[in-house]
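Next come two complexes, and both contain chain A; in the first it sits with chain B, in the second with chain C.
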Partner chain A sequence: MTHILFTISTAFMLGLTGLTFHRTHLLSALLCLEGMMLSLFIALAMWSTQNDMMIFSSSPLLLLALSACEAGLGLSLLVATSRTHGSDHLQNLNLLQC
Partner chain B sequence: MVMMVVFSVMFLISLIAVASNPSPYFAALGLMIGAGVGCGMLTQFGMTFLSMILFLIYLGGMLVVFAYSAALAAEPYPSAWGSLEVFSYVVGSLMLVVVMWMLLVNDFGAFDEIEGCVMSVRRYVGVSEMYNAGGYMLLVAGWVLLVALLVVLELTRGFGRGCLRAV
Partner chain C sequence: MSPYILFVMLTSLGLGTTLTFTSSHWLLAWMGLEINTLAIIPLMTNKHHPRAVEAATKYFLTQAAAAAILLFASIYNAWYSGQWFIQDMSSPVSTLMTLAIAIKLGIAPMHFWLPEVMQGISINTGLILVTWQKLAPLALLMQISHNIKPELLIILGLMSTIIGGWGGLNQTQIRKIMAYSSIAHLGWIISILHFMPALAMVNLFIYLIMTITMFMTFNLLNSPTINTLAVNWSKSPILAATSALALLSLGGLPPLSGFMPKWLIIQELTNQELAPTATLLALSALLSLFFYLRLSYSLSLTIMPNTHPQTLNWNMKITTPLPLSLMMMMTLTMLPITPTIISLF
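The block that comes next holds the complex of A and B.
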């Protein structure tokens, strides 16, 4: 396994473990999702360049647009929960069963 | 080559800093450093235009919104990487990454940088080919962004649901 491949896949796995383990805030989970999207973006860009297929280099742009949509929706959910429930603690959301 | 290894190690460290469950301010700081270092990695491989797009989107657009939301979800006693719980996460994931690096990585040279060749001149077409090849899908992505805007407006609407809170 090369060094770059190891770096990108390990960054993705780190974001995934950070998402699945115990989180106190909803915002921390969203930041972990953003980190996963960042590693996927770098992986797609390096894939299209290292295989010398520049015709596929618009796929990281598409991924970036979709990750911007995802971040916006997650933040709006965060704003909605903090308006109705007072805070964004995940334990609070579990306790209130919402 | 050396810059490539330095950038990738800094990228892993910043992802550990995000994933080790600190307060959201510090996690946003780690993600910002990770985005900057990722731009450096892409530039080392010759993709200057995609690196610029990543820089603009992440550092210019997204992290302003994240800073606003971190102020919204504020807490009185934030925990940085020095506190005990977060520090145990950091040390554990760092040891795991180092052991996996020693076990798995055996090749440094398969991906090497392109010397003096940036994306805008590559195969003489570069950015225009990128926009030409995925043009219709990028148009669809623009409409997806518009739908996401409407959904965000619908989710955050409503005077009757909110209440005043002391942040």
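The block that comes next holds the complex of A and C.
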């Protein structure tokens, strides 16, 4: 069990690092967010097989539905940003400082 | 915005918070938080202005990351202890869970998104952000508060009050000042959370009343900066008089209601042998008090014949709406009924 937990934790932490250290494009931050959600999906799916309990088998699907909504929202914000700021470069998001 | 769409968004906001309140399973609580994020983004980008879109993007990124970290901590807890019950969170990830909730709330040192996001959105959406969006994460934090190390909450609380006070000193935009005020008040709330959650709820209740008062005042007066506040005595003299007192209540001065939570929290911290913490909290409240005083100076102490370089507006008569009157009354006069308020929680 600990090997699986270590692998999934590493995958999540790598995605989180990619999200926090985004450099140029907003799209790469959204991709890392999706990577984090994918690692959580796999963790939930493996948890219900580890426990041999079928009652929570649908929980990965619930996570997937909400995370897909969130991804759609992120992409629509990406489109809105590129309409107002011209591109999705993160250096352009500097209108709100002071 | 069309009334139907506004109705759907506001209902979704209510649904998300209610879902998080009533859940005992971490997955459902996470879903409620996600629904809250989803519902407020269209409210933020109602006007398709670059600042609003930028604020919505920054808000979305921070809240989505915090919700993902929260879900990761709950899945790790499920692997570690085999159950999903919220109140039995006792694994090593309770710290990570607390930090995720702190990102959602805007507690220092995870507060950097809050002033910028508040600056980019309209004042009414800012009101929803600062009041309603704090309720669901605080409900989760209260349920796991007995499992978190108390040092973490004390450190977060101290940093929040100090950074909230210090950060607001150099601001001229009203919305950023209210953002730093929110950070400071949340610092007070979480510093007492481990020892007496009822006091944290009293503080939250009083803070909500005071913040709603100030936001409704600024919405009515329609001034984005401190400079433009100075001409509002002609628009509504009663508001100029009472909002000065409401700002002092935000700063926590007796005999106004804002003193009640600060007094009770300092007393409880001293009972728990944390007198230096209580001293630091009280001293950092002075920093916030300074910029509240600056706001109240602009609002009400620059009435004629004291002049101000700002140009006067047309003297349009504005009527104070009833909710603002109610909240203003509660902001100023609730200190004598402190035992009643404590018995409510």
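FYI, the second predicted complex is superposed on the first by the 92 of 98 C-alpha atoms of A that agree within 3 Å, B and C clash if a C-alpha of one lies under 4 Å from a C-alpha of the other, contacts with A are read in each partner's own complex, and residues count from 1 in each chain.
Note that contacts are C-beta pairs under 8 Å (C-beta built on N, C-alpha and C of every residue); 3 or more make two chains touch, one makes a residue touch a chain.
None of these values were measured; they are calculated from a predicted model.
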| item | value |
| --- | --- |
| When chain B and chain C are modelled together on chain A, clash or fit | fit |
| Partner chain(s) touched by A:S87 [first = chain B, second = chain C, both, neither] | first |
| Touching partner for A:R23 - first (chain B), second (chain C), both, neither | first |
| Touching partner for A:L73 - first (chain B), second (chain C), both, neither | both |
| Touching partner for A:T7 - first (chain B), second (chain C), both, neither | first |
| Chain B versus chain C as contact partner of A:N51, first or second or both or neither | second |
| Which superposed partner A:L62 touches (first chain B, second chain C, both, neither) | both |
| Of chain C and chain B, partner touching more chain A residues | B |
| Partner chain(s) touched by A:A43 [first = chain B, second = chain C, both, neither] | second |
| Minimum C-alpha separation between chain B and chain C after superposing on chain A, in Å | 6 |
| Chain A residues contacted in one complex by chain B, in the other by chain C | 1, 5, 19, 26, 50, 59, 62, 66, 69, 73, 77-78, 80, 83-84 |
| Residues of chain C touching chain A in the complex | 27, 30-31, 34, 37-38, 41, 45, 48-51, 53-58, 60-61, 64-65, 67-69, 71-72, 75-76, 78-79, 82, 116-117, 119-120 |
| For the chain A and chain B complex, residues of the former touching the latter | 1-7, 10-11, 14-15, 17-19, 21-28, 31-32, 34-35, 38-39, 41-42, 45-46, 49-50, 54-62, 64-66, 68-69, 71-73, 75-80, 82-84, 86-88 |
| Chain A-facing residues of chain B, complex | 4-5, 8-9, 11-12, 15-16, 18-24, 27-28, 31, 34-35, 38, 41-42, 45-47, 50, 53-54, 57-58, 61-62, 65-66, 69-70, 72-73, 93, 97, 100-101, 104-108, 110-111, 114, 119, 122-123, 125-126, 129-131, 133-135, 137-138, 141-142, 144-145, 148-149, 151-152, 155-156, 161-163, 165 |
| Residue ranges of chain A touching chain C (in the complex, touch as defined) | 1, 5, 9, 12, 16, 19-20, 26, 29, 33, 36-37, 40, 43-44, 47, 50-51, 59, 62-63, 66, 69-70, 73-74, 77-78, 80-81, 83-85, 93, 95-97 |
